Amino acid sequence: MRQHTTQPEAEGATPSASVPWPIALDQVTVRYPNGVVALKDVSLRVEPGEMISVVGLSGSGKSTMIRTINGLVPATSGTVTVGPHTVTGLSGRQLRQLRGHVGMIFQHFNLADRASVYQNVLVGRFSHTPTWRTLLGSARPADRDIAMRALDSVGMLEKVWQRGGALSGGQKQRVAIARALSQEPAVMLADEPVASLDPPTAHSVMADLQRINQERGLTVLVNLHLMDLARQYTTRMIGLREGRLVYDGPAADATDADFEEIYGRPIQVKDRLDR
Amino acid sequence: MTATTTTRAATGALQIPVRPRSWPVRLAWAAVAVAIVAAFWDLGIEWSKLASLPSDLAHYTRLMFSDPDWSKLPEALYQTWRSVAMAWTGALLGVVLSTLLGIPAAQGVGPLWVRLPLRWVFAVIRAVPEVVIAIIILTVTGLTPFTGALALAIGGIGTHAKWTYETIESVPQGTSEAVRASGGNVLEVARWGLWPAASPELMSLGLYRFEINVRTSAILGLIGVGGIGDMLTGYTQYREWDTVGVLIIVVIVVTMSIDAVSGRIRRRIMEGAKARDLDRSA
Amino acid sequence: MTTAPQLDIPPRPRTWPRRALIAGAVLVVTVLTTTPALGGVEIDLDSIARNWGNGASRIAMLFQPDWSILPRTWEPMLETLEMALIGTAVSAALAIPLSLWAARPTNPGNPLRMAVRFVLNVVRAVPDLVYATILVAMVGVGALPGIITLVLFDLGIVVKLVSEAIDSSDSSYMEAGRAAGGTQTQINRVTALPQAWPAFASQVLYSLELNVRVSAILGLVGAGGIGRLIDEVRGFYRYDALSTIILLLLVVVILIEVASNYLRKRLR
C-alpha cells in the first residue's frame, strides 16, 4: 500500500517540473575567521528563471557570494533568501533540505575519482534519501532512474559505470552537471565552471547551462572571469570588485569600459576565451 | 499529462549500459569469505565465552583500574626505564648495523652479488620475531637486558636495513653523479653525494626504530630478560590486578610520551631538511 | 690606501652547534642507558665469552634442522594462519568506520575525532604480547585471546595509517556532497569510501602480514598458534626443532608477503 502512495510523489517530482526560485541578498557581508572581508554589503535580487553571470577577478568575492546562497559560507551579517528559505541562520537538517534544492557545479568538478560515475551522480539524491538507505548502498529505483536520466540529458549515459577519474575534463564537468540536475533543483549555481576547460569544451558546457536554463526554466547563477562568455551566454551580469557590487545590468550591453571598471585595470587578452 | 508521457517515453528509450562485472574478482571475494568462515569454524571458538566477553572485560577493567596499587609505581617506573634503556641500546646498535649492511645493499652502491645475499638475509630476519631471536641468543648471553638489546638490534636489521637501502635508492641520482663526475671514489660519493640527501630521513627512521623498540622491549621482558614486561608477566600470573593496572598505565603513558617527543623531533628533522632544500634551490 | 672591492659574503649558517647538540644528546642518552648502576643495560662481553662454548653448540644446532617435528607443526601453524586471517577480517570491518571517524575531512566534528584518535593512540601504546598475557589470564588459554590481541593490534595500525592517508589526500569532492545537502555519513559512504579504498586495502594486507608474525609468538603466553610449539621446544633447548619451525615460518611469511604484494599491485 505504502509503495503505491509514494510512487506518484516520486514521479511527480521527477520531471523538470520544479518551479524556479528567486534569490535575494540583502546587505550581505562575509568576514572569514582570518579577518579577510570577502564580501562587503552586497544587495541583489535574482528573478526566478534568470540566467545571470557574476563577473570579477579571482579574489573579488564571487566564489564567496555564490557559496552564501547554499550556506557553504555563512553570511556574517545581512540576509540571504532563496525561494521560501532564509539561508542565514539555517543549520542541520533544514540547511541540508535547502541545499537539496540548490544544484552546484565547481571549477574542479569535485568528483570522487575512484567512485563510478553512477555513484557520483547519486550524490545529487542525498537530500532526498534517508541516511540509513545510503549506508546500505541500495538506491531506490526512482533515484536510480533520475540519476540515469540526468546522465542521459548531458550525453554521459554510456560512461555510467566508469570511474570518475577515467573521464576527460569536459566529461567530468558534464557528470557534475548531471549530479546537480539529479537534485531536481530550483536553482543552479556554477562556480567558474569552465575555467579548467579548453575553449571548445568551455563553450559546450556553457551551452549546456544555457539549455538547462531555457528548457527547465531554472534560475542559473554562473561565476565567470571571462567577459565574452558572460556577454554570450547570460542575460544579466553582476560585477564584483574587492567584495563590492560594482555593476548590475544586461550582459549584452556591458561595454569594455564596464569590464575595465569591474576588473579595476585595462582589459587584457586573457580576459577573453576566444582571442 | 503530456509531460509525464514524454518522460515515460524517454525513460523507456534510455539505453543504460550493462554494468560490467568481473567474475574472477567476485570469485576471489567469495573465496576470501569462505576462508574466513572456515577459519572461524575450525578454530572452534567457544561462543559462550565470546558472549560473556564484554562483561568479563568490564569486570577485569574494574579490578585493574578502579583502585590501582600505586605503591608499586616506583618499581614500575624503574623497570620501565630498564626497558627503555634496552630499547635505546638496541636501536643504536641496530641502526649502526643496518646502516653498515644497508648501504652496500642499495642499488647503485654495491654490486649485485653483494646486494642479493644481503637482501635475502634481511628478508629472513624480518620473518623471525624478536622474541625468537632472543630465545636463540640467550644461550650465549644469558637472561639479561643485554640479550634484549641484542635481540632488538639483530631483529631491527630486517626492516631497518631495508628502509636504509630504500632511502638511499630514493636519493636523486644527480648529486652522486656530480661527485663522481668531479672524480670522487665510492666513499666520497657516499659522503658528499648520498649522505647529505639521505641523512635526515635516516635519522628520522632511526628515531622511529627507537619508538618501535620501546614497544618490543616490553614484549621481550615476557621471556625473562628484564624490564617492565618481566614485571607484568609476574603480576599477571599472580593475578594481582591492581598492580597490573598500574603497570598498564605506566606503559601507556611512557610509550605515548616517547612517541610524542620522538615524533616532534622527527618532524623537525624532516622540515629542516625541506627548508634546506628550498635554500639550495633558491 | 687601496681597498680591495668588498666581497659581500653571506654569513655561513652555523650548523655545527646544532650537530654538536644532536651528537651530545645521543651520547648522553647512550651513556645513561648503558650504565648498570642507573638500571641501564650492562654490556657484558665477558659473559658472552664465558658462555660461548656452551651456547655456540646450541646455536650450531640451528644449522641441523630436525625435520621429524614437521608433522607436529601443521596443526598449530594452521591455527596461527586462521587466527591471523580472522584477526585481519574483524579488524578490517571495525577499521572502516573508525578510520573515517579519525580523519579530518570525513569527520570535521572535533570532539568525536579527537576521542577516536586518543583511544586508538592508547590502544597502540600497549604492546601486542602484553594484551595477550592479560587476555589469557582473563578468558583462558586458547585462540580467542590471541584473536582479540590481533584485532586490537591491527586496529591501531590500520586506522592510524588509513586516516592519515585520508587526511593528506584531496577531498574536494566533499564540497559537492555537502552542496547537494548530504549528511557526512552519506558523503563518506558513497564517495570517501571508494576514495580511501586503495589505502585501506593495502593497510589491511600489511596487517595480515604482520599478524602472521605476531600470532606466531602469541602461543608463548598461551594464546594459541605455532608459538605453543616454540615455547615447548625452547624449554628443552631443542634448537634443531626450533630451526625447522623458523624455516617453516619463513616460508609462510614470504609466501604471504609475495601474495599480498601481488594483490596490492592489482588493487591500484
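The letters A, B and C name the chains in turn, as written, and every chain counts its residues from 1.
In the analysis below, a residue touches a chain if its C-beta (ideal position, glycine included) is under 8 Å from a C-beta of that chain, and two chains touch if they have at least 3 such contacts.
The chain list, named the UniProt way, goes like this: A = Phosphonate ABC transporter ATP-binding protein; B, C = Phosphonate ABC transporter, permease protein PhnE.
As the structure is a prediction and not an experimental result, all values here were calculated from the model.
Chains that touch both subunit B and subunit C are the following: A. Between A-C and A-B, more C-beta contact pairs are found at A-C. For subunit C, the chain whose average C-alpha position is most distant is A. Centroids built from CA atoms put subunit C at 4 Å from subunit B. Taking the mean of the C-alpha atoms as each chain's centre, subunit A and subunit B sit 47 Å apart. The residues of subunit A never reach two or more other chains; the list is empty.
Every residue of subunit C that touches subunit A in the complex is listed here, in rising order: 172-183, 185-187, 189-192, 194-195, 197-198.
Those residues of subunit A whose C-beta lies close enough to touch subunit B in the complex are 11, 14-15, 17, 145, 148-149, 152, 157-158, 160-161. Looking at the complex, you find that subunit B touches subunit A at residues 3-4, 7, 10-11, 14-17, 19-20. Every residue of subunit C that touches subunit B in the complex is listed here, in rising order: 26, 29-30, 32-34, 39-44, 47-48, 51-52, 54-56, 58-59, 62, 78-79, 81-83, 85-86, 89, 121-122, 125-130, 133-134, 137-140, 142-144, 147-148, 213-214, 216-217, 220-221, 224, 230, 234, 237, 239, 242, 246, 249-250, 253-254. The residues of subunit B lying in touch with subunit C in their complex are 35-36, 39-40, 42-43, 45-46, 49-50, 53, 56-57, 60, 78, 81-82, 84-86, 88-89, 92, 123-124, 126-129, 131-132, 135-137, 139-142, 144-146, 148-149, 215-216, 218-219, 222-223, 229, 232-233, 236-237, 239, 244, 248, 251-252, 255-256, 259.
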